[in-house]
Amino acid sequence: MPPVNMATQVVQMLAGALLLISFAMLAERRSRRLLILLVWQGVVLVTSTVLVAASAHLTHLYYSAALTLLLKVCVLPLILFRLMRKLGIERDNEPLVNVPTLMLVGLCLVIFAFGLAQPVTALATTVLRKTLGIAIAVILLSFLMILARRKAFTQVIGFLSLENGLFFAATTTTYGMPMVVELGMALDLLVAVFIFGIFFFHIREQFDSLDLDQLESLKED
Amino acid sequence: MTAVAYVWQVGECLLAIALAPLFAGWVGQCRAWLQNRSAPPLWQPYLILRKLFHKDAALATDASWLFRLAPYVVFSTMVVAAAIIPSVTTDLPLARVADAIALVGVFATGRVFISLAAMDIGTAFGSMGARREMMVGFLAEPALLMVLFSAFMTHGSTALPEMVEGLLSQPHIVLHPSLFFSGVAFVMVLLAENARLPVDNPSTHLELTMIHEAMILEYSARHLALLEWASWLKLFNYACIGFALFMPWGIALHGASAGLLALAIAALLAKLVVAGAALALFETLSAKLRLFRAPEFLTMAFLFAVLGLLVYLLLGA
Amino acid sequence: MHVVSALTTTTPLTGLLVLVASWLLIGALGLVQPNRIGWVARTLFPLGALVALGVAGMGAMSLTPGFAAQSSVLALGLPDMPFHVRLDALSGFFLLLLGSAGAGISIFAAGYFRQGEGTAPGLLCLQYHVFLASMALVVLADDAYLFMVAWETMALSSYFLVVTQHRIPEIRRAGFLYLLMAHVGALGILLSFGVLQGGSWQMTFDAMRAAHLTPAWASAAFVLALFGFGAKAGLVPLHVWLPEAHPAAPSPVSAMMSGLMLKVGVYGLLRVSWDLLHAGPWWWGLLTLGLGLGTALYGAIFAAVQTDMKRLLAYSSIENIGLIFAGIGLALLCRSFDMRLLAALALAAALIHSFNHAFFKSLLFLVTGSVMHATGERSLGKLGGLIRYMPWVAALALIGSLAIAGLPPLNGFVSEWLLLQAFLQTPRIPHAFLNMIVPLGAALVALTAALAGYVMVKFYGVIFLGQPRERALENARDAGWLERFGLSWLALGCVLIGVFPQVALDVVGRITLQLVGTTVRRGPSPWWMTPITSSQTSYSGLWLWVGLLLVIGATFVLVRRIYHGRVRRTPPWDCGYPWQTPRMQDSSEGFGQPIRHLFGPVFRMQRELPHPSDPKPKYRVLVQEHFWHQLYLPLARLVQRTAERVTILQGGRLSTYLLYSFMTLILLLVWVL
Amino acid sequence: MEILLVLGFPLLGAALLAMVGAKRYAAEVSVATSLATLLAAALLVLRIIRHGPMTAWNEEFFIDPFNVFLVALTALVGFTTAVFSRPYMRIEASHGRLTPGRLRLYHSMYQLFMAAMLLALTTNNMGFMWVAMEMATLSTVLLVSLYRTRGSIEAAWKYFILCGVGIALALFGTALLYTAAEDLLGGEGMGALLWTHLNAVKGQLEPRVMGMAFVFLLVGYGTKVGLAPLHNWLPDAHAEGPTPVSAVLSGLLLNVALYAVIRCKILADGALHSTLPGHMLMGFGLLSTVLASFFLWRQRDIKRLFAYSSIEHMGIITFAFGMGGPIANFAALLHMTMHSLTKSAIFFAAGHATQLSGTQRMDKIRGLLTIHPSVGWGLMLGGLAILGMPPFGVFTSEYLILITAMRDHPWATPVLLVALAVAFGAIFSRLQPMVYGDTDDKPLPHSPALVPVFIHLGIVLMMGVYIPPALAEWYRLAAQLIGG
């Protein structure tokens, strides 16, 4: 059992922040603020990654931190901002279920996630693994967010925050994936967002709104 | 199988052929008496045959070969049947050729042919009669078969001669309750099969009700003669079956002497007299059924026969 | 010639494989010039007939006394379970049936198939010969896999033949129903085999013979087999496809399906219940017997009310299959009480009846084919009087009708005689209840046989006798020589078995020896049949023929002698009614009337009776089956409703879909926790 | 070396076609690329047959009988599909449904898709496998939305989101896998994600983590396999995309996804020492089979119909893998092959059928036999084959699966049989009126390419009655590898 040093405590604190942010995203109605929250998530992610790198003296984690910074804090939000302005979608959008219920469900999910991670964290070799529960919670929450929103744009944001959660889990629990793999993932993510962008335009020109209620024509009857 | 046996075989056939019209005449005469009519002579049927054989045959324009073939087939089936049935002696070489089941089959063959012939001309009555005949047949046939079966159960053989011998070999008369049912069923079948009241009336041409007569409407002269003869033979055969099953006394067994055989013939004649009178009486007393009722009558017969079988299986007697 | 000698030198099994292969080859050759009728019909089909004769010959060789079962393994099939083939008496018998009847049908088909009827002749030729080959393979198969493959190929090829005229919607519907039922039945058979191998995961029949099943599993296997093979053979209530599919097909195909394919179903049941399974409880027999008798009566009743000649024949096939199953059931029953002789007798009856049915039913179906070609009519209401325009077909059809009606001295009577004899022995069954109930089966058999007579008089009389019900019929022409040849071949079969029943009994004896371990008592000579004891029962087809012909001849001669023989042709008398029209004859509906009256509850009838004051009165009666409306349609509705419920899952809303995967994830996580 | 070729050709082709894809000869280029890939795959197969399993490029790639046969299958179907799509796309263009730009996108994305699948199959690194799967998703999303109709956009979006989320879950599963393996194989370097290494130490992997990891991987990759209730994207994507894409989706992508699932199952089996993963697969399999067979009853769109049938068959295969054991695995692999060959053949024929009648509504498609016999026969025979009618090979595998089920899980057999019977009734009742009867449709502007259809069906037919010993041996080896 390695000593609980400063860095790890900070990391755990950051993990809490991450969870907080995802709850905030769950509650947030405005696309613009959602995007800002996403950026914050990225920032938290980067810092935590750096800290982990520092505490564990892993050079390749620095690279991945840099990559995250570049991708999740700069590039992607930038693209999304421009898209948002182009498509003019800052309007409110109401979740399918009202916010308090969502919160409640989210709470249950967090408890469930902790319960799920408990056996793993119990026999954790690195302190950091204790954050696994939080990572799972973030993932489930963003999943919840995706399926609770009815705008294509918000779904994408949810998707990205899901990715963040994954990334957090990867870094904290396993000191990050191998570099090559991470590069590949980053590339995929980038392409994905580009395609999302393309799709927004297609959807809009076909359905003249990004409302997902329009996209319910393909079904069995 | 001695040569004598074969002689008797042929002799029995000829006897049947010869006696059949007489039996029919006797029944007719009894009926006339019972109905206070002046009776035709006993040999009336022979006169009819003679008359018919002297007429010119009038064939419908588009009668096919089947129409002309049928009378011969029907007649022959009845003769073959007569050869199988032990009316005088049980020492019949041919009886082994076809047992009771085959006998029913032979009757059926005759029926099918006469029905087909009736349909051949394509007149309204012909086809109607054919249908009715087959309707009667498909119920009467299994009934007869069931009667024979319960007899088989009691005597342990489907060959009629064996049955008779089985029955005669018993020291004292055994009463089989099953045979009562079979007997009733058999009488009903006999009436139906031979176009007798209450199912059919041989002595009318009332178009809407007739069965047998409707089928032979188009026949004349020699064909008609053969068919009439065949029908009389049929009646005779049925009577003989009845005797063989229910009152076989007097029938000569294997290797019986000439005297016994003469006795057997006498016994046969006696039985015929009684049976003819009884038949006439029954016919006089019973009224013609509506045609729709006929199937029910026959179903009754069938059920009685099956009942007889069941009773035998239950009581073992 | 050289080929023939080569075949005879090789063992029957290899010879058979070669023959089957050559069937396939002939079929493939049909695709060379699919539309040249001269090539396909006049060349290939006769070749197929020759091959069929070869198959029959090989089958016959396997039935000779000195023959021991041969088996071999092919280089085909699955890696772990290659194709096993085996030729023993049972399969040999059915090959004999297949070949001898098939030859006649093929010859007929050579004259029958013409240009421009739905599928191209070449393709028909392919499907036709694949059908034949697959049936032969089913009979030869010695492992479950080959059996199933051949079995389903048989169903498939016959399906394609059924939908030859696919432009007609009813025919498509019939084809669908047929293949669906065939497939469901095949699933049942597959399950049965799965149970039969009983733990040894060898799917060969040898392994199944060796396997020892618990009574429960054995019964399961038997019931499944009865279901599967019954569905193919047309056992009530699995028969619904049969009256639809058989009429839909071209007549030679109907003949093959009715005459041959149903027998393959019978073979399957025999193989499973007698060869693969060991003796089981008596209720197997009672079940089969009951179903068989029910089917027989049901088929006969429905045949009597049909107005379409091919449907009528189809129902009559159901009836005959019922009789065959009754025989098998009786045999099973006796086996369970170890009454060898009786079992052998019943089994022999069933087998000979299969053989007979193959001949006369094929004959009659082919006859309907000729009639349809000559008149273009299928409905009995539009036929009549053809005996004058098609004397050949009429004469041969008469033989077929008499035979199927079970009249002596033809072959149909022989098998029914044996069956009745078997029933007569049943009081000796050592079971207080059965020995009372089973003999009553004889009553049902008798009733069925009599009804068959009724049906056949209707069939023959309405088609060939009386006045033509349509003007057009008068320019109907008799069938061509190839068709006549085929018909005559089958008719000859009917007569020969009728004349020499003991020969058939001897042949079948080889099988009863294999399956039951004994044969019925041999007659003193080939023309005497005394299956039990000579005193109890005896029948001689030959002497009956001689007797009948003798008497007919004698009568004829005598009448000629005493009669002057003047004949006058006059219009029919008919009680002196002045004018006659063909419409005044009794129609097929009229013939159905007594049956409808007597067995009313069995039918589901819709009648349109004319109103007394109706200017142009119209009478219509539609007879349907209860099974269809009370068993099959509800089943279909159930599936339909379930489908409606299920489709709710695909609601079209993305969030819902995500919710599904979300819940799945949560549930699985809970599961692993 | 061969691996490099196998992956290189499609990548090069994708790049090349991205430039020249709009030209007239683009289709030929695509065909050539696929042919080259096929030959490379053949070389690879030969090498494996000669030298047995191999790893390459410091163990980043790993070829064993299991995946090499999938590589061969993928290359083959990829090639035939390319051959098919040449005339098909030409007809589409002449019907005015596609612009040259779209054609370029189509050809290049098609090759990219092939490359992604081949990478997913050949890589030894679970991370790369994930990357490749994501790549395949992205490329197919673009292919599905090729027509830019409302329907295709909607379908593509649903596909994208569902599979994207699913894939993300799979990534988390991979991360957990890494976590579990890290302590044993060391976090530095790549060791902890190499399947071979994991497989070597699977016995000691931490069970709870592995259990969780397997759940995430199963749900993730299972979404792409189309296991109910994760299947909802599948019918839409198949129905709305161009037919060649439907063919490769059904024929290949599902297989590849299933391959990933099975690789994970092998590890999970070793780690959990329990039948849990097997039971999960069986559950998914049965559920998918039954649900799909009932879905089939309500279909009006021909491509949706066969999409659901794909779900059904994927269910059967998954069930078989779940049962495990040499026979079941053998049957499952065989069924994979048979299904992808048959189903792609069906989609080829169905594609031309829709072009003939100008609609995918089955009640509008009539009388194929009369207007275009080869299309009609292709559809009919393909349909019968996919319904498990002997002598087609699909029956072989279903037969093996059924008898294994009867032995190991008798309770499941009736369920399967009911599903099969229902599916039979549903599909065949739709198939018949389309193939038979009369029609007034007009023949096609260009002659259709039905050679692939009959090649596929020919192979399927052969496998029904005769499996070459070499092939059988190969399947057996693969089955042993999967074990369970």
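Here are a few things to note about the model shown:
Letters A, B, C and D name the chains as they come in the text, with residue numbers starting at 1 for each one.
The rule is simple: a residue touches a chain if its C-beta (ideal position, glycine included) is under 8 Å from a C-beta of that chain, and two chains touch if they have at least 3 such contacts.
Please read these numbers as outputs of a predicted model, since none were measured by experiment.
When the C-beta pairs in contact are tallied for C-D and for B-C, the bigger tally goes to B-C.
Chain centres defined as mean CA positions place C nearest to the mean of all protein CA atoms. Note: centroid distance chain A to chain B, computed from Cα atoms, is 102 Å. The centroid of the Cα atoms in chain C and the matching centroid in chain D are 44 Å apart.
With centres defined as mean CA coordinates, chain C is found 36 Å away from chain B. For this pair, chain A with chain C, the centres built from the Cα atoms lie 71 Å apart.
Under the contact definition stated at the top, the residues of chain C that touch 2 or more other chains are 647, 649-650, 654, 658, 665, 669.
Contacts with at least two other chains are made by no residue of chain B. Residue positions of chain A touching 2 or more other chains: 116, 143, 146, 155, 215, 217-218, 220-221. Of all possible chain pairs, the ones that touch are A-C, A-D, B-C, C-D. Listed in rising order, the residues of chain B touching chain C in the complex are 53, 56-62, 64-66, 72-73, 75-77, 79-80, 83, 94, 96-99, 101-102, 105-106, 108-109, 111-112, 115-116, 119-128, 130-131, 134-135, 137-139, 141-142, 145-146, 149, 152-153, 156-159, 162, 205, 207, 217-218, 221-222, 226, 292, 295, 299, 302, 305-306, 309-310, 313-314. By the touch criterion stated above, chain C contacts chain A in their complex at residues 647-655, 658-659, 662, 665-666, 669, 673.
Across the complex, chain D is touched by residues 116, 119-120, 123, 125, 129, 132, 136, 139, 143, 146, 152, 155, 159, 162-163, 165-166, 169-170, 173-175, 177-178, 180-181, 184-185, 187-188, 191-192, 195-196, 199, 202-203, 206-207, 214-215, 217-218, 220-221 of chain A. Remark: chain D residues 157-158, 161-162, 165-166, 169, 208, 211-212, 214-216, 218-219, 223, 228-230, 232-233, 235, 276, 280, 291, 294-298, 327, 369, 384, 387, 389-391, 395-396, 399-400, 402-403, 406-407, 413, 417, 420-422, 424-425, 428-429, 432-433, 435-438, 464-467, 469, 472-473, 476 touch chain C in the complex.
By the touch criterion stated above, chain D contacts chain A in their complex at residues 125, 127-128, 130-131, 134-135, 138, 141-142, 145, 148-151, 153-158, 160-161, 164-165, 168-169, 171-172, 174-176, 178-179, 182-183, 187, 189-190, 192-193, 206, 208-209, 212, 235-236, 239-240, 295, 298.
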